[in-house]
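In the two complexes that follow, subunit A is the common piece, with subunit B as its partner first and subunit C second.
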Partner chain A sequence: MKIILITAVWCTSCLIMKPRYQELAKKHNITDFIELDFDMDEEDVESLNIGNTLPVCIMIKEEKEVKRVIGEKKVKDIEKIFEDLSHE
Partner chain B sequence: MNKKIYGLFIAFLLLLFFSSFHLSTKAANDEEIMVHFFHTTTCYNCGEEEKYLNSLPEEYNLKIIYYTMDDEDNTKAQANKELFYRIAEVFDIEKRIITPFTVIGGKSFIGFNENIKSEMIKYIEKYQDVDFVDVVQKVINNETIDPSDIEVDEESYINIPLFGRVDVKSFSILLIAIVMGFVDGVNPCAMWILIFLITMLIPTGNKKKIWLFGGVFLLVSAIFYFIVMMAWIKTVELIAAKQIFIIIIGAFALGAGGYNIYRYIKSSIKQEDGCDVTNPTQRRKISNKIRKIINEKSIFIALIGIITLAIMVNFIELACSAGLPVLFSQILAINDVSSAQELIYVLIYVLFFLLDDLIIFAIATFSLKAIGISNKFAKYSHLIGGILMLIIGILLLFFPNIIMFNF
Partner chain C sequence: MIFAFHNKYGIIFAVNKGGIIMIYLDYSATTPVDNDVLNAFCEASRSLVGNANSLHELGIKCQSRILQDSKDILKNLGLDDKQYEIIYTSGASEANNLAIKGYLERFGTDKHIITTNFEHPSVTAPVGYLQNKGYQIDFVKINKKGLVDLVDLERLITDKTILVSIVSVNSEIGIKQPIAEIAMLLKKYPQIVFHSDITQSIGKAQEVCANIDMMSFSAHKFYGVKGVGALIKKKEIKLIPQIHGGTSTSKYRSGTPFHPLIYSMAYALQLATVNFDNRYQKTKTTNDYLVKELSRIPQVRINSNEYAIPHIVNFSIIGKNSIEIVEYMSKKGIYISNHTACSSKQQMSLAVYNLTEDKGLALSSVRVSLSHLTTFADIDALINAIKEMVN
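Moving on to the complex of A and B:
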């Protein structure tokens, strides 16, 4: 599974969510973990059509987007998403 | 669990806010009752009070004595002003000309509104039944004023553990300053700049630089907010007592309250608690400016950059939280608090407005770690702010006596 995480330096929710995603990626041995900055990686971010809320976590399996998590979520909720996707 | 904490947090803030309001609660002497009426010819409320006093029934046996402080006869005006200052000293009120200023027996009244009308009647009726001291006459006669000559509203004082005996009005306004300042501060409008600054500075590991840049940013933000609020209060004071202005502000409060609650409902339906990326172009421009400032070799130029940035951002983002400072300024203005009290209340408001920023800043400087405050707080700040605005709007429009804390 591949993860694309879009955050911004100024975003408080991103400060909360970024370590959560990083930890879960580590736990689930996801090495393909790409972090994009909303301001610095403008072109890449625009191509992903992320809408108006940050952070955005896009989960990709076999070159297809399978899940998009937007905004702040509890650890147990994203943990469940990771687990479900791992078992698919 | 989190929901319970948020629920308790909202309940606490609302309780604190409601506790600042207190439900309103009301005595034949053949002696003529002197109404000493200090006024100016240009003051709108003086004209309103004069009409009111002259409309009072004859059985009250009133004698209105006029003290015109901008009389065409300069000597007379000066004498009236001097008397005003002597009376102000006796009643322990600020020594500046405030009109209308009325003294009946041992009771003084600053300003004129519905609540003051009923207060005047209360004392006039009381003095019809009991003996009273005409304090102004005693001052004119150069007699010594006994503390018991001055009327003290015992109902307006309460005993609070740790604080002791406190004036309900002052305490109510203090609570409102704390609650409104805090709710206003949780609004994330200007916080993102601080977060950005801290996050960019932390990798440098330079605590001094974080202290200096972050500290200057917060200090300038505080001064800017303070100046804007004081300027607004002074503007409001000129027109505050005019009924039409109170109606406009009340209607504004209802509108702004409704909008905030709409924002809360919208974000609740969306179920996406995150950072809003509206106006990304402007945000990117500001972000780039911050990067330049941080990389600036000259500390002096960098500080000028930080100061400019703080003023610019707070100015742009003022619209984001304009509602609460405007309403707080209105509350101070209609309560006729002294200039010194205004300063203190606004300082308290600004302190609580910056409280969350100060916490984040302190953690960052001591631990070199940036922490984020959940945007869920921002969502709930819309709810609490919206409810407060609706309450203040309803009070201003329909129950102004309650918000003037004259019980």
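Moving on to the complex of A and C:
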């Protein structure tokens, strides 16, 4: 699985969610983990059509987007998403 | 082109090219410069022509002026000049960056910072920058009234915690934090430096600054000139400068001392202090009127609560988008904000969402910010425009 995580340094939800995603990616041995900055990586972010709520976590399997998680979520909720996708 | 000015009677005359009267209700974004403050800036620019770093007589004169201004600023904030020093900056954003990055970067990345989700982006962004470098970050819980949960704050403190940064007044909802209580609690932990962004409370709330270790602000929020602010800190706190280039008014911030701006800021603060009670009461009266009138409109939900300063009223108009509301009002010549002017890329107000946990309210919220210059006629015009919009 590949993960693209879009955050911004000024966004509190991003600061809360970023370590959670990093931890889960580590736990599930996801090495293809790309982090994009909403402001600094503007061109790459624009092509992903992410809307106006941050952070955005895009999960990709076999070159296809399989899940998009937007905003602040509880650890157990994203843990479940990671587990479900790992077992698919 | 919009012409706006603030005359000696305290009235704003603001007209656009077509001669339509403008109603300014965005005083938390910035205030119009007071004419006397602007004159003070011009006078200091003309009369004090030297560089305060020069050793000759003109330089010494400028240096003396800055020393006197620093004493005056500290006195007006109730601070002891033996204990505190001022680092002059371009504004609160620079001061917040210097306080947070400048302090943390002296230590290893195993250190820990505690802040809130009510901060201005100029606090959250340096904290985010430090998180990217490996520092540990925690956000203290905010209770249902929007106040820092002191029990949670104490629970988060570890032996690695070296900085707590908590805003005195949130810029979007206006909630004032119990800064004196927080400072007292943190006194038990001598390894922790307490920083507060006091930008929205200076001149608007009776802040007790005495137990804060570092505080940041901008002059343009209290009728000063734009482009000047300060970080006030206890003398024993060491920082890594963010602008290098040799000692200036402070070894922590290089650059030619901008003494006319500093003088004008000291003068604006003097006026804000002397006129505090009068300005506060006038604002409170217009706030009461605005809240009463807003409460009569069924589609309006007021997000600011009893802990908010009277200068800020945040409310949502159900079924409308905040950008749509701001644009509608702007066409009517009424200037309000959807949220803090420094984070315009995100449509939703994070502060309203963090307080209410209601995305609908956060997406439809706007901030009206008042001043002693606001009149009942300004409020009537706003209320009429809201009624027109919802009907």
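Things worth noting here:
The definition used in the following text is that the second predicted complex is superposed on the first by the 88 of 88 C-alpha atoms of A that agree within 3 Å, B and C clash if a C-alpha of one lies under 4 Å from a C-alpha of the other, contacts with A are read in each partner's own complex, and residues count from 1 in each chain.
The rule we apply is simple: a contact is a pair of C-beta atoms (placed from the backbone, for glycine too) under 8 Å apart; a residue touches a chain by one contact, two chains touch by 3 or more.
Worth saying up front: this structure is predicted, and the values here are computed from it rather than measured.
When both complexes are overlaid on chain A, the residue A:F38 reaches subunit B and subunit C alike.
When both complexes are overlaid on chain A, the residue A:S47 reaches neither subunit B nor subunit C. By the touch criterion defined above, A:L15 lies against subunit B and subunit C together after alignment on the C-alpha atoms of chain A. Applying the stated contact rule after C-alpha superposition, one finds that A:N29 touches neither subunit B nor subunit C.
Once the two complexes are laid over each other on the shared chain, residue contacts for A:P55 go to subunit B alone; subunit C is not touched. Contacts of A:I70 after superposition on the shared chain: subunit B is touched, whereas subunit C is not. 8-16, 38-39, 52-54 are the residues of subunit A that lie in the contact sets of both subunit B and subunit C, per the superposition on chain A.
Of all the residues in subunit A, the ones that touch subunit B in their complex are 8-16, 38-39, 42, 52-55, 70-72, 74. Residue ranges on subunit B touching subunit A, taken from their complex, read 2, 188, 191-193, 195-196, 199-200, 270, 272-278, 280, 283-284, 287, 370-376.
Residues of subunit C touching subunit A in their complex: 117, 119, 121, 124-129, 131-132, 137, 139, 343, 345-348, 350, 354. Considering their complex, residues 7-16, 18-19, 38-39, 52-54 of subunit A touch subunit C.
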